[in-house]
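Below, each structure is written out as structure tokens.
Consider the two complexes below, in which subunit A is the common component and subunit B and subunit C are the respective partners.
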Partner chain A sequence: MRDTTDKEPLLQIRGISKAFGSVMAVDNIDLDIREGEVFSLLGGSGSGKSTLLRMLAGFETPTSGQILLDGKDLADLPPHKRPVNMMFQSYALFPHMTVEKNVAYGLVEDRIPKSEIRDRVSEILDTVQMSEFAKRKPDQLSGGQRQRVALARSLVKMPRLLLLDEPLGALDKRLRESTQFELQRIQEKIGITFIIVTHDQEEAMSLSDRLAVMNQGRLMQIGSPTDVYENPHSRFVADFLGSCNVLDAEVTGESGSETRLRLLASGAETVLPYALDHPAGDKIQLVLRPEKLIVARREIDPGSSGTILKAEIAEIGYLGHRSILHLQMDDGTLFHAHEVSLNRRNRSPLQAGDKVNVTWDGSDVAVVSA
Partner chain B sequence: MQRNLFLKTCFFLGVAFLYIPILVLITFSFNASDKVNVWAGFSLRWYRSLLDDPQILEAAQNSFVIAIVSATLATVLAMIASVVIVRFGPFRGRTLFTGMMSAPLIMPEVITGISLLLLFVAMQQLIGWPANRGFTTVVLAHATFCTAFAAVVLQARLRSLDSSLEEAAADLGSTPLRAFFKVTLPMMGPAMTSAWLLSFTLSLDDLVIASFTTGPNSTTLPMLIFSKVRLGVSPDVNALATLIIVGIGFAVTLSVAAARGPRENQE
Partner chain C sequence: MVIGIPMLWMGLFFLIPFAVVLKISFSEAIFASPPYTSIVEYISDESRLSISLNLGNYQYLWEDELYWRAYVNSLTIAFFSTLMCLLIGFPVALFIARSSPRWRPLLHLLIIIPFWSSLLIRVYSWMGLLRKDGIINSVLGYVGLVQDPQSMLQTSFAVYIGMVYTYLPFMILPLYSVLERQDASLREAATDLGSPPLRVFRKVTLPLSVNGIIAGSMLVFIPTIGEFVIPSLLGASDNLMIGRVLWDEFFANRDWPVASAVAIVLLAVLLIPIMIFQNSQNKSMEG
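Showing the complex of A and B:
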């Protein structure tokens, strides 16, 4: 990952809101995007992520707030005058033009000399590996090829900012993975700042330097993928980025850099190896990712959490690279845990019905407010 | 099996009901006899007499020129109206405008004709234009009611056209007007052809509105046929009608093909 923290923000979004009737699609958002960064807006449908993107492109007018690009307010610029390009979810390739004409469209509109247009178009088609299809019409291309043409068309003008609306959304799963790396390669080569809108958390995490989780028009959390995944500030973010086990707990005491908790479901004691700014008696929620749980049939050492819970395996979902364990805890709650398939011939794989011990490391627990 | 037979019978009766009169007309246009309803052998004499009749040729020419000009006017106006209705978002009076656009579809032709006649007479008295009724007034009248029909076709197509194409054009630096001419219009081509042919056929076909709004020296083909029939049916009208049926059939086929063309290309 590149370090981009010391640069001036390229894009500054200041208190932006958009109301459709009485519905706030985007609700008072502040956000800085740094030059050269890949930033993802992650959210479900109706979270306002697309509206925010369309305001950046100029297709929607903000109800209030400011958008500054390189310090200049974009408010009065119509879409065709903004140094911003967009790659549409449907690709929006012009069906009556060849690939070449599609890619050249933006340069022709800018009255660039013909010879320069030819050079730039062939160079960008080369970058996205579509040179041999230059004379084809969009309806003669596969989904993946159309996606590349759409990318080329939005990149060829060298915008200050490229907006990508669900760039991989229309591709099938296998193509999506290879295209993801392809997109990263191209971004690194060209160095244009990307803002990606997506509902797919894997896409957002693997592509971006930073991401923001959106819900109901608000930014729930902004940070690097690791930061947001490992330290969710809210139950919503924790749930949205992958699955998680949520445990209700009560703070029972603090000693130095440790916090002692009591799990409400089982009454078991557990320890966090860091201090919380919650006084004793406060109810909080602990978030435990399924892959952080240690599950075994034999007796195990409790991790730094000092907690061992008893469970029975209710069900096992085998996915090849890992298995998902559904654990019926003795306290009545349900847990999910992941077991990675490390060895091809596991001598004693866990089976449904097995009685197991469950523990975790205290430092793997994230705390969200109840 | 029995149900199948019943369906087939219904189908053939229906088709017969619709097309036997036309077949009779076409058949008798090749009749050698002077009497309309007595078959006396095959002949092309009525087609020949048609070509020798300067009145008919003039009326045919009038009809064609009027149809071409008014169809063109109607298509352009309908295109502008459709863009306003479909793409300009909600504005004050949009529902009213949409309704008024399609009102001529259900308006009785007699009323359209009379109201246009009154308008032209009033305009002539007030501003002296149009000086007399004839070619210009018929074209204006036909363009008016054809616009409503053309707008139906064009609105439907424009609605199904992905608006992100126009947004993409704007995003890549096109002003709204350039985006319209470079992206929207080429994609609307087949629908516009279809709308034009529909308007052309409607104009060629119209008797009522033309009768109200025309003047001397601008008799259209349907008007001529109607006046001929009133003096007693003469067999050359059969020949003329046959030619019109063939012509309109051709135009309708073209129009259907134009409307279907782009969808087949997409697959």
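Showing the complex of A and C:
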């Protein structure tokens, strides 16, 4: 991850709201985007992420609030004059124009000299590796090729800000992964600030320097992918970024830099290696990612949590690179754990029906308010 | 099988009648029933099948200025009627396509409603409106715009009004259907890349409507060129259109061979440009 913290924010979103009738699609959002950053807005459908993006592009007018780009209010600029370009989810390539004409469109509209247009178009087509398709029409291209043309067309004007609406959404899974790295390579080469809207948490996490999780028009949490994944502040964010086990617990005491808790389901004691600002008696929820659980048939040392729970493996889902264990805990709850397939010749892999011990490291637990 | 039924339809209702008319156009008019000679004759003494094609009807059309004038006149009226339908129809179609989905069915219905009444009734209504003492002149006179009202009937103006009024829906409907299907994100993309609204229209909306413009123009041009009722009722008698000539030859002169020749030439005038156009379309699709 690049260090961008010392720069002035390129984009400042100040208290922006958008109401459609009585529905608040975007509800009083404040957000700073730094120059050169790849920022993702992550949320489900109806979370307001697309509306926010369309307000930046100028296709929607905010009900209230302010958007500043390089310190200047964007409200005064109609969409065709904003130094902001967008890559559309449907790609929106002009079907009556060749690849070349599509890419050149924005430069022609800016009345840039013909020879310069030719150079810039061929350079950007080269960057996205589409030079040999310059004379094709969009309907003669595959989905992945169309995606590259759309990217080239939105980049060629060198906007201050590039908005990407579900950039990988229309691609199949295999193409997605390679395109993801391709997108990163191009962004690093060109250095334009990206704002990506997506509902796909893997896409958001792998592409972005920072991301924001949106729900019902509000920003739930902003941070680096690691930060948001490891330290979700709410149950919603924890659930949205991958699967998790949620344990209800009650604070029983605090000693120095440790917090002692009692798990409500099993009554077991557990320890967090940090202080919480919750007094004893408070009910909280603990979030444990499936890959943090240590599962074994033999007796094991408890992790720094000091907790061992007994369980039976109800089911195993084999995914190749890892297996998902469905654990029926003795306290009646259900856990999910991941087991990485390390060794092909593992003589005694875990099997459904095995009685197992489950533990975890206290530092791997995230706390959300109940 | 799937293309068999349309082929059968074409054969029964287009090709066979066409062949009959083509055949009659090569015969001679006689006073009998049917009022034309047979072009195929079997001469039994000589065991010969004799086919005689009489080209005199076509020569007659070529030489008589009346037919020329009628063809040119029809083409001119059809061309300008089509142009006017396009200029009026495009904004209307655009308006309907861009209005909220809630209103579209109603607006669509308003376009189609005139078809629920007979063409004759609609043309007669226009006669009532355009007469010397008609509604339009009365209103203009009452307001004081016109002191000395003139009948607007029997003028080209009346013919154009009748044509444009009658055939406008045929222009609007195909235009509406292409405009309505246009992806709004294409216009947004053009805007996003720096086009002000009028440029978006010229560079995206209009080029993507070409198919609708062609379809609508053909749907207006082809029937207007042979239109009979409207020019007969609203137009001047010295401003002949080819439909009227055709009618006169068939029913007044009972000269079926010349009437058939007129019809065949009209068909050629219409079909040949369409075939050339389609051919070039296919070529540009391949290229």
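The rule is short, and it goes like this: the second predicted complex is superposed on the first by the 370 of 370 C-alpha atoms of A that agree within 3 Å, B and C clash if a C-alpha of one lies under 4 Å from a C-alpha of the other, contacts with A are read in each partner's own complex, and residues count from 1 in each chain.
What we mean here is this: a contact is a pair of C-beta atoms (placed from the backbone, for glycine too) under 8 Å apart; a residue touches a chain by one contact, two chains touch by 3 or more.
A quick note: this is a predicted structure, and the numbers were derived from the prediction, not measured.
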Could you check whether subunit B and subunit C clash or fit when both are placed on subunit A? clash
After the superposition on A, what does A:Asp139 contact: first (subunit B), second (subunit C), both or neither? first
A:Asp110 contacts which: subunit B (first), subunit C (second), both, neither? both
Common interface positions of subunit A, toward subunit B and toward subunit C: 57-59, 78-81, 84-86, 88-90, 92-96, 105-106, 109-110, 153-154, 157
List of subunit C residues in touch with subunit A within their complex: 183, 185-186, 188-196, 199, 203-204, 207-208
Within their complex, subunit A touches subunit B through residues 57-59, 78-81, 84-86, 88-90, 92-96, 105-106, 109-110, 139, 153-154, 157
Using the touch definition up top, name the residues of subunit A that touch subunit C in the complex. 57-59, 78-81, 84-86, 88-90, 92-96, 105-106, 109-110, 153-154, 157
For the subunit B and subunit A complex, residues of the former touching the latter: 162, 164-165, 167-175, 178-179, 182-183, 186-187, 265-266
